[in-house]
Amino acid sequence: MSDTDLLGIEHRWPERAKWPALQGLAAAGEDFYRRGWSLGTSSNYSVVLSKTPTRVLLTASGKDKGHLGSDDFVLVDEAGKVLRSEGGKPSAEMWLHLILAQRENIGAILHTHSPSATLLSDLCASDGGFWIEGYEMLKGLSGITTHEAKVWVPIFPNTQDIPSLANAVEARLNTTTEPKMYGYLIRNHGLYTWGKDLAEARRHIEVFEFLFDVLLRKRALK
Amino acid sequence: MSDTDLLGIEHRWPERAKWPALQGLAAAGEDFYRRGWSLGTSSNYSVVLSKTPTRVLLTASGKDKGHLGSDDFVLVDEAGKVLRSEGGKPSAEMWLHLILAQRENIGAILHTHSPSATLLSDLCASDGGFWIEGYEMLKGLSGITTHEAKVWVPIFPNTQDIPSLANAVEARLNTTTEPKMYGYLIRNHGLYTWGKDLAEARRHIEVFEFLFDVLLRKRALK
Amino acid sequence: MSDTDLLGIEHRWPERAKWPALQGLAAAGEDFYRRGWSLGTSSNYSVVLSKTPTRVLLTASGKDKGHLGSDDFVLVDEAGKVLRSEGGKPSAEMWLHLILAQRENIGAILHTHSPSATLLSDLCASDGGFWIEGYEMLKGLSGITTHEAKVWVPIFPNTQDIPSLANAVEARLNTTTEPKMYGYLIRNHGLYTWGKDLAEARRHIEVFEFLFDVLLRKRALK
Amino acid sequence: MSDTDLLGIEHRWPERAKWPALQGLAAAGEDFYRRGWSLGTSSNYSVVLSKTPTRVLLTASGKDKGHLGSDDFVLVDEAGKVLRSEGGKPSAEMWLHLILAQRENIGAILHTHSPSATLLSDLCASDGGFWIEGYEMLKGLSGITTHEAKVWVPIFPNTQDIPSLANAVEARLNTTTEPKMYGYLIRNHGLYTWGKDLAEARRHIEVFEFLFDVLLRKRALK
């Protein structure tokens, strides 16, 4: 999306049909809601409309993710300042989006809150995370080309102090001594993942939610 | 909805498209039915159209909740008198709606009948209820601001004597010595919850059904 | 549906939109397919258009139940003679429909083939059936007014000799010394139930499938 | 589909509404995606448009299977040469389609990637496959007329060397000393099955996915 589009957005709030990012997030929300991954107004989603300056289109706090309309988004800058809103406010979790939105190659950030992510994040919390290994589905994560890959999913303790959690996530993103992070879980809370654009971020959500489901069912079979 | 609207309702029965409460309940029913939470004509839903005088729009008895039309509702007063109907009758469970409809800050009451609620209400019946604790999803309940909250879900024995059950629920609502009740289960029967308006009541249904699913799957993993 | 309608049906095959029975069965099929209760062209459904003479509208053999069109049905009489067809043939299971179609108060017969019915019919086969007891959902079965009811679901061994199975089912229907039968399972095959009309038969399918799911999940929790 | 149609396809790329094969694959994809059998851009589907010369319409690599449009397909010949494309490329798994596309009576090949197929292919990998036996649903496989049938589902080890996997599958197809193969699993990867046309292939997918689900749930109950 060009800067011209972005300026356009700041001057007027285009109707849903004309705004691909908004439409794309609403469509993702409809699907995630249907699957039970975003019930109870949980979850939040964003698309990075511009990197310089940082312009992030983010779902407003407390919105029903299965029925997002053009009033249910806010436009924020890198400092979290609301540039445009139809009455909605960003949730505190905005900070978890902003640390990612300012990194290279990240164009969309999605957070879902599924039963499987909730359960797995609790079961593996004491290990600080878990490995996913040997599944063809891992190839759905950008850059992975073989099922022989091994991906570590870190689990962060849940907290209402989101700025502090954002700092911990950012530190983890900047670490060079840990395995590459494609997404992470917050304990009893859900999944954050991202991609270069919304299509990739949505694919990453599907890949992780599929694998969480498989891992949990495998445990139950043992 | 203003009193004028209410009077309007009593004079003529507006078509579905013009009546937000009826439309909203039909949309909730479609979703709950799809998820398997309102099969077999189980469940009943209501919206409080007016507090003084009490006017409650309630699904009629025995209706298919996945395909509610304008004929599938009744309008009742605080004494359960039917003020308007297209042939349908209120079910006995109307009394469970009326005790809630007359309380402050309650604008909608929803009852679902999911497999998870059925199972959990049976498993925990001898304890009289169960705690839900430590889940981010709890923040979807109105007034809860941290996952560190602890919510008690009471379970009432099932009975066909609904007025007596309504009395027991009302007594529990009036108790000041028990933890706040955001919803309750009837054993082998399902969930009742409510909200200041239909959106909040529907969010509370989603929050509880999500958490019941998580609690049951957690038990199965142990 | 009057005899005049029935004669009309025999003279010309009305388009789907004008034929409520056909439309109703297609809508039921869409829902059952979506829920995974009628995959792989399994299942068959019928509506009794007339009792004297017997005229039964039945899904033709091998049709995709999620996408039924007006070509996917046959009209048969009490002897299984095809009176009208757009090329389709009745399946052998027609006889399981015809024994029911000729009984009083039965206007529709539905057979689904869900994973839960398949599993439960196998697990309880050696007992010849199982009790369902204590569930509010039982009140969805016509004539049951309390959760304190107790319903026996017989399980018949599977066979490709459908006329002989039909005889066994009919004998069971005529028995006065066994508990009333609201539906039955065929081992590793699925559920048959019925109702005075299609709405009731569909409600009975939903009630049984809900209860099978609950019973299986309860076993898994033990 | 006649050769004339095929020539037509090579001259111009018809819009989706006019091309039944493309439309049929898109519809199958929508359904499989909704059921969670083709998440994360996994899976690939094909229809054989012509046998002499071999013309196969195949989903292009990396496409979202829930939202296939006319740009998301390639037309290839028996050597894997791309004859027509709107920018998409075939995935390496094209070879698994081509070995089947050239055999008699195979008009469509479908590959899904469900959690159940993933789990079962892992659990039974050391046995090289598993029997399915005694289920009425087996009659959904073309040529099987009784539930007393016994079907062996081979499991191939997963590999990124698809030509070598294709050779192994082809050798298995040509064996006369092994039980007939209606479909196969790749470990931790998913199901391949086929049919004389798309309707049959889709029915086979539904039959296998149903049975995998039943087998897994049966294991969990033990």
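By written order: A, B, C and D. Residues from 1 in each chain.
Everything below uses one rule, namely that a contact is a pair of C-beta atoms (placed from the backbone, for glycine too) under 8 Å apart; a residue touches a chain by one contact, two chains touch by 3 or more.
Small disclaimer: the values here were computed from a predicted structure and weren't measured.
Between chain A and chain B the CA-based rotation angle works out to 90°, given as a multiple of 5.
Distance between chain B and chain C, defined via averaged C-alpha coordinates, is recorded as 32 Å. Chain A and chain C have CA centres that are 45 Å apart. In chain A, the residues touching two or more other chains are 220.
Chain-to-chain contact here is organised cyclically: the chains close a single ring, every chain touching exactly two others. In this structure, the chains touch in the following pairs: A-B, A-D, B-C, C-D.
Partner chain C is touched in their complex by these residues of chain B: 36, 39-42, 64, 66, 113, 115, 118-119, 122-123, 158, 160, 186, 188-190, 216, 219-220. For chain D in complex with chain C, the residues that touch the partner chain are 31, 35, 134-137, 140, 145-148, 199, 203-204, 206-207, 209-210, 213-214, 217-218, 220-221.
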